[in-house]
Amino acid sequence: MRVEARILLLLGAFFGAMCVVYWFWGHEDAGSIMMLGGTLLGFLPGTYYYYWSRRMTPRPEDRSDATLEEGAGVIATFPGSSIFPFLLGMGAFLSVLSMVFGVWLAIPGVGLILWALLGATAESRRGGVH
Amino acid sequence: MDSTPQPPQGNANRARLSRRVRGLFALPLAALVLSGCSLPTFYGFKGVTTQSQSTYHLWQWFSLAAFIIGGFVLLLILYAVIRYRRKGDSIPKQVQYHIPLELLYTVIPIVIVFVLFAATVVVENKVTAEPKSSLTVNVNAFKWGWKFQYPQSNALVYGQTTQAPMFQIPVDTNVHFTLTSSDVVHGFYIREFDFSRYALPGITNTFNFTAVKTGTYFGQCSQLCGLYHTLMYFRVKVVSKSDFAAWVAQFNTKKGAARAEAGALATKQILSPGIPVIPATTTGQK
Amino acid sequence: MTDLLEPSSLSADSHGHSDADHNSASPHDGAHHEHHGATGILNWLTSTDHKVIGMSYTITSVAMLVIGGAFAMVIRAQLVAPNNHLVNFSQYNELFTMHGSVMIYLFAGPFAFGALANFIVPIQIGAPDMAFPRLNALSYWLYLTGSITMLLGFFTAGGAANFGWVAYAPLSDIINSPGAGADLWIGALLLTGFSAIFTGVNLTATIFYLRAPGMTLFRMPIFTWNLLVTGILILLAFPVLTAGLIMLFCDRHFQTHIYTQHLGGVPVLWQHIFWFWGHPEVYILALPFFGMVTEIIPVFSKKPVFGYKGMVFATLTIAALSLGVWAHHMFTTGVVLLPFFSIMSLLIAVPTGIKIFNWIGTMWRGQIWFSTAMLMSIGFVVTFLIGGLTGIYLASPPLDFFAHDTYFVVAHFHSVVMALVLGGMAGLYYWAPKMTGYLLNERIGKFQFWLLFIGTQLLTFPQYVLGLQGMPRRIAQYILDPGWQTLNIWSSVGGFMIGFSTLLFVVNLWVSWKKYPAGDNPWDAHTLEWYTTSPPPHHNFYRLPQIRSERPTWDANHPDSKALVHGHNEDGAGH
């Protein structure tokens, strides 16, 4: 966890330094703001990881001497299969096509997206598709 | 011109940096850069302006560096590939780090990069410098042609696609250019000047040339600008100072001015339906 | 070596019985079989297995390579004569726009971080799947539908998008590009953009959270390292493009004036936004291929990767610098800070150089086995070296002024991307046995390599010279022909060789179909994916070795040949 945090914070700090130099040297708005965005994107997760890395013991995957036994047990739940990503993708497809071929396509498109989002959420709560 | 002229950003800063960098590197580097004449061309072109000749010398030195570094690395690869091809099933020594060597090939490239950067800054300042000039050409790019206007006189050249409008500049004279676009982004590119610059809508770009060799040189739009981008030609004729004066003078007569106006009008009329004067077979408009 | 992890323990759910779940049956019987080997279309549509998705990505992106390549063949055929009428101007503009778009957006990116990465990264770190399997499936569906959307442009009345793959405003506005093809192009990039963002999230989360015990970050294979950095770069860059595209669409249809010339718009803003995505995108494309090659060269040299930590450091440096170099694409606009972008761009040569020296260092004193994958990798290094060196010229503003938008630039980035194609082919030859269980034909593979490698150099070298002689890019004819035809013909011959080599790959897939069984570890490779079966079971592992270095599989197979530092055994008393 600590190394992850450090990488993100260092990237964020570098982007920040670059942003400051660029702003005072170039006085160009668009690039400076985009670099500021990059800085924040480094610091946001970086700070989160740093916060937690200080409050937890290193995980087995952070320790070079960890044995496989320590990782035994549950890692996470992985849905074996789900139709909802496909439905969500088709909904997005129709919605994008509606930008070109007519707004009516957005009706089935958004419908599919809503169905898929609700379905996927319910699936997670149920714990499985079957 | 419908756009407010504004200097490109960063000009003042560039000048400031240039002074600082010049103090450090100028003398030895300038000597090096200028003595590049005896190097091979590396397919570059010396160019017919003072600016392009600076660029050309930079090109030569960069190429020399690239050929040496590239050749060295290629030889290393070739040597490794030939020398260490598989000869048996034994497992080679499992070397993974060699810190001094790794530091060496980190530090040396950094040094090379800063040398290249210093040379770049020196030449860049020369190429982008805009000393005061008594002759200005306002260049305007549009779909798919060019307009060259001389604000200090009545001279005006206007034309599109294969008409390849030809404007003139005097030799050995520092000429100031402004560059604008009426519609989309175009590229003002003259190969013999070793130079290109975008013609941007809403922004006025400026640069200077001092041509040193008379002749007629082709230019072409280099940035995709739509259907007839392929044919968006122009020409620049570098002439002696007296020839240039005569050429400008002919626009001052009533007849000359009228002819320029008529040419401009005709071009505009041809352009308005958006179909350039080229054989239909060439274009195959969809 | 211990056999600890039953697949079931990887997949079991923590909420007691509400879980048998996701795996559709009790985790303790043989129910996993139904997840691989099944061929029903419903299984394909509903699968969230990273291996199935990775295969789908691979097939789709290779199909896009073939389609984009076909466009390139027409372009090269058009340019063999100065005044050729094979296609007209309008068609030519569509062709190079779609060639660039298909290759960059639909082949190189998705192939790099969607196809092989999806399949290999979780296995390399000992994970049972990606962190968000359903999001991963969604990424694929968005990518597939995005690809279809872009190609649909050819079937609209106005033809496909024709403003170049960079879509510079205001050429891409509604007046200059009124067709539906342009809108489909924007829509396609929205879909594939979100697909990429989700993949970036997935890769980063997988690598941060699902590593096996003992697999510390600094024991991860370089391929996984590079995909981690790619994931971070995707998250930095792609949202900018997506936002920019939405603004472009609003400009076209909702009368906003963001990129317009009048009413306060700033056309050059599009270039800033586009390249702020576009240059990190170059590394998003390149880093996964660097990673593939860094896996392959050590394996076929029988050595650990030389300078592992330097390699990681170089990758992170590239990522750090990549956010500050975008405007080297805009030197000729005259409105950018030249020295800043020049030095940043030049500096990227340093970490890239470190990588090249590390690859050579890996081969040094090794036992190099010239399999197709290794040949392709060496071809990659050589071609990338050329592309990298010519990139240094373009980082220098005065040189960029005269090379910009000429064929010199075209040749430069084709050296780079063709190096990536070589690297990708190396990856395919290397990992195909793991993905399918069968090796590809080496004889055809080597023939393909020589065609591809020589074709690439033959394509680009005349283009470098053409650019220096003043031939601008994106022109359908060169009617004045100042002696450009011969060079163009050579370039086209190179292009056709590349096209033929791609066909050979398809032929090879067909010829080798289920012919040469691979076994678990045909290359005596180093990393975890070679420890499991080929193809891996559902949730990837029946057992794992103890992870004590960045080469767990090698350590398990060659316990006496651990990596050395300065001739000393790193492991000796270290732990």
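Read from first to last, the chains carry the letters A, B and C; within each, the first residue is number 1.
Methods note: a contact is a pair of C-beta atoms (placed from the backbone, for glycine too) under 8 Å apart; a residue touches a chain by one contact, two chains touch by 3 or more.
Not measured: the values here are computed from a predicted model.
Seen from the Cα centre of subunit B, the chain whose own Cα centre is farthest off is A.
Highest inter-chain contact count (C-beta pairs) belongs to B-C. We define each chain's centre as the mean of its Cα atoms; on that basis subunit B and subunit C are separated by 32 Å.
Per-chain CA centroids place subunit A at a distance of 20 Å from subunit C. Put simply, the C-alpha centre of subunit A and that of subunit B have 43 angstrom between them.
Shared interface positions of subunit C, i.e. residues touching 2 or more other chains, are given as 336-337.
Shared interface positions of subunit B, defined as residues touching 2 or more other chains, are 9-10, 13.
In subunit A, the positions touching at least two other chains are 25-26, 28. Residue ranges on subunit C touching subunit B, taken from their complex, read 83, 85, 88-93, 159, 163-164, 168, 170-171, 176, 261, 265-268, 301-310, 332-339, 342-343, 346-347, 349-350, 353-354, 356-358, 360-361, 363-370, 378, 381-382, 385-386, 389-390, 392-393, 396-399, 401-402, 404-406, 464-465, 468-470, 472-477, 479-480, 558, 561-567, 570. Listing the residues of subunit A that touch subunit C in their complex gives 3-4, 7-8, 10-11, 14-15, 18, 21-22, 25-26, 28, 30-31, 34-35, 37-38, 41, 49, 60-86, 88-90, 92-93, 96-97, 99-101, 120, 126-130. Subunit B meets subunit C in the complex at residues 3, 8-10, 13-14, 17, 43-45, 52, 54-55, 58-59, 62-63, 66, 69-70, 73-74, 76-77, 80-81, 84-99, 101-102, 105-106, 109-110, 113, 116-117, 120-121, 123-124, 127-128, 162, 183-185, 187, 189, 191, 193-198, 200-203, 205-207, 218, 220-231, 233, 281-286. On subunit C, the positions that touch subunit A within their shared complex are 2, 4-5, 9-15, 18-24, 35, 43, 45-49, 127-129, 131, 133-138, 140-142, 144-145, 148-149, 180, 183-184, 186-188, 190-191, 194, 208, 210-219, 232, 235-236, 240, 249, 253, 269, 272-273, 276, 316, 319-320, 323-324, 326-327, 336-337, 340, 344, 539, 544, 546-548, 575.
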